[in-house]
Amino acid sequence: MAHKNKVFPTLDAAVADIPDGASILFGGFGGAGFPNNLIQALARQGAKNLRVISNNCGTGDGELGILFKNRQIRSVIAAFPGPGAKYFQEQFDAGEVELELVPQGILCERMRAYGAGIPAFYSPVGVGTEIARGKEERSFRGKRFILEEALGGDYAFIRAHRADRLGNLVYRKAGRNFNPVMATAAATTIAEVEEIVEVGALDPETIVTPSVFVHRIVQAKGQRFV
Amino acid sequence: MNKPRLTREQIAARAALELPDGAYVNLGWGIPNLVASYVPSGITVYFHSENGILGMGPRAKPGEEDFDLVDAMKVPVTVMPGASFFSQVDAHVMTRGGHLDVCILGGLQVSERGDLANWRVPGAKGAGGIGGAMDISVGAPRLIVAMEHNARDGAPKIVKRCTYPLTAVECVHTVITDLAVIDVAPECLVLREVAPGWTPAEVQEQTGARLRHAPSVPTMVLPIG
Amino acid sequence: MAHKNKVFPTLDAAVADIPDGASILFGGFGGAGFPNNLIQALARQGAKNLRVISNNCGTGDGELGILFKNRQIRSVIAAFPGPGAKYFQEQFDAGEVELELVPQGILCERMRAYGAGIPAFYSPVGVGTEIARGKEERSFRGKRFILEEALGGDYAFIRAHRADRLGNLVYRKAGRNFNPVMATAAATTIAEVEEIVEVGALDPETIVTPSVFVHRIVQAKGQRFV
Amino acid sequence: MNKPRLTREQIAARAALELPDGAYVNLGWGIPNLVASYVPSGITVYFHSENGILGMGPRAKPGEEDFDLVDAMKVPVTVMPGASFFSQVDAHVMTRGGHLDVCILGGLQVSERGDLANWRVPGAKGAGGIGGAMDISVGAPRLIVAMEHNARDGAPKIVKRCTYPLTAVECVHTVITDLAVIDVAPECLVLREVAPGWTPAEVQEQTGARLRHAPSVPTMVLPIG
């Protein structure tokens, strides 16, 4: 989507307009590729009643932890909340936050479908398990599948290694994880990056997320909150 | 009606004025393909090609062609700084997923509710071919059809209902022809501009569906003569 | 999939086992990224009654043209057979070859679904057109969609720029096109490449097709049949 | 039954013998994760991690960790020559699409028809978590479960029907435990090997489902003591 001047001067400016009740996708897996600086900015900004899509639910105060600690999150869709998700687990046990558990690959696939204009697809994953509850089941060629619907959000918070000023992104090693697909599945994708380079500095062959998927870029060098 | 009409280049030039600064744009075959040459100065747009290019530049100069770098029409092209290459799958995530801003396609017929027919003339010999037009039409947040107002035999190409095989239903937002700029509104077609020398009544006469318009309809301002 | 010694010594050896009646996906678009050398080898090999999936149907004797000329193809699934597909058009007009026309992005998506273990998905493309004939229609959130099924094959013939000896692939510019998705959608993927390099010579960040999707590699330098 | 059983390392070492040369392999949490250390010499396998790595090598040495290069358990790892990085989406195209050769997961229960339960103990506190196990189980052309034969309270983990929440149905091909190697055949479980010192009857006694076997069942050959 067309956005002139995608580069934002500060983290706080990049998240300033996020309203209460927004749905937000958060990249990151296993400590790598988390948009930790954007998360901290959102904690400062204070938006509440957030609906969150993320592989996990924080590690102590780190990653999503601070947003749970601040009680900014109302519901979460996740594959693996995680034993380190202290604040989430407390609020979950107290019935204060809703959780939808989704198999990790289906979490990916539902977001990809959203980004690709596909409303729903049949999945072999979770057939015969509690994941299938309430879902339509159907057979193709003698095998059982369940219907899964696309999943997107108002915003995606992602972390990349480098961006050019148009929003083309490259990632670093396993920091890629959920970030590229989330970039395609939100109305507004906000990328924090280690470094912003001039247009033309990235090799067109090696760009992982083309600029069309990125709407805001903000530089956030080397901070790690794990 | 033998009054002069716009040339194909003039249609393309008028269509180019619809592009917002910073837009990601896909151009189809025919007149739309000419639009790239008329992007207003001061405006930057990024051209998408469904074979996996974003940030496509002008055609390659003779002698400088790279046959691994072609557009969707097989023409050797160039890329601009900030371009990226990706697969055809990802190219259509962009089209169908609604990530491009504006797509401009050619048309055989457009109906009053915005249906588009642009891939096959009924009764034509051969297998025909769809290409990427259906994916592009369905996904485009803003779809402009740039075409002649009438077929060679004079038949109107803007019609109540398409009689040609459809590309997509209720997808067209604006039609730009050699006679007019017409917007597809929820309940009707709205005549936004007429070609120089043409009146709304004359344009209506060439059109197979009812056009609504304000009491006074501006004349197109064309960047090229 | 595990295949030791993926590198084949000749084009002919790489296609030697392809039986009559095989289904084959062929990469390439607009003259770029066609596995022309493998196609020529298949023409020499002579397998018949082939079921073919390809964006187009050849350009004169080039690309798939030679296989139609030799009457090796029984049916084809394509998005744009093309005005230059002389032999195909003759045989189509004579009722000697079957054609299923598929919108280009849906051709991509059906193969991606196959490779991703997804049997079917709902698509907005072709709703209300002749593409929808015979297909289930269904609404999601008030919009109409049709059901599209996954599409794969026994073999994929693809063209890449460089391979390492494990089968990791990189492409060149718009030569990428259908090749990466086809690599995921066939039981046996055969890649012809400009150059084979040692394992470790490709940057892990820039590999487009990971080696797991590639089963045979054969070097075919710089031949172009267009 | 207080006879000695295999150690976790021995289970892993036995499981490693199931890997064909050149295989693409995903290893789950727990005992499966130990398998990487026991790949027989002369055999090359390529480890997949669902966070987007193919060709994962050993854990990083202390002081050499790169926290952008971690496995699915968050442990800093290394990569082998020929490795590639990709997205979590593509990582699961590999799992669910059936492109890996062998996956080895841990288990809480395996049923006689090959159902696997491995993600949640009923009544356990907290939200639980599925991770990638469901996608991996469904897609694996060959799924091996490596686990202890009995739970801590002695209850058999190989059962007629799983009572724990399922990960996937009819997905397990082979179970390797501290007592036995058992294949899931179309109509029954087949006892392929027993641990040193154990008889088929003794293994049956520890098992919650009927095991069939040939008149003589070989004893596991273990590469490590």
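We just call them A, B, C and D in the order they show up, numbering each chain from 1.
One rule holds for everything that comes next: a contact is a pair of C-beta atoms (placed from the backbone, for glycine too) under 8 Å apart; a residue touches a chain by one contact, two chains touch by 3 or more.
No experiment lies behind these values; they were computed from the predicted model shown.
Counting only chains that touch, the fewest steps needed to get from chain A to chain D is 1. When the interfaces B-C and A-B are ranked by how many C-beta pairs touch across them, B-C comes first.
Separation between the centroids of chain B and chain D, computed from CA atoms only, is 56 Å. Centres computed as Cα averages put chain B at a distance of 30 Å from chain C. Mean C-alpha position of chain C lies 35 Å from that of chain D. Residues of chain A found to touch two or more other chains are 109, 112, 116-118, 124, 171-173, 204-205. Counting partners per residue, chain B has 85-86, 92, 96, 138-139 as the residues that reach two or more other chains.
If the chains shown are joined wherever they touch, the resulting network has some other arrangement, not a path, ring, star or complete graph. By the definition of touch given earlier, these chain pairs are in contact: A-B, A-C, A-D, B-C, C-D.
Those residues of chain A that touch chain D in the complex are listed here as 29-33, 55-57, 78-83, 88-89, 92-93, 99, 101-106, 108-109, 111-112, 124-131, 171-181, 208, 224, 226. By the touch criterion given at the top, residues 109, 113, 116-124, 140-141, 143, 145, 149, 170-173, 203-206 of chain A touch chain C in their complex.
Residue ranges on chain D touching chain C, taken from their complex, read 20-24, 46, 48, 54-55, 79, 81-86, 90, 92-94, 96-101, 138-139. Listing the residues of chain D that touch chain A in their complex gives 49-53, 66-74, 85-89, 91-92, 95-96, 115, 125-135, 138-139, 165-169.
Against chain B, in their complex, chain A makes its touches with residues 1-4, 112, 114-118, 164-166, 168, 184, 199-200, 202, 204-205, 207, 210-213.
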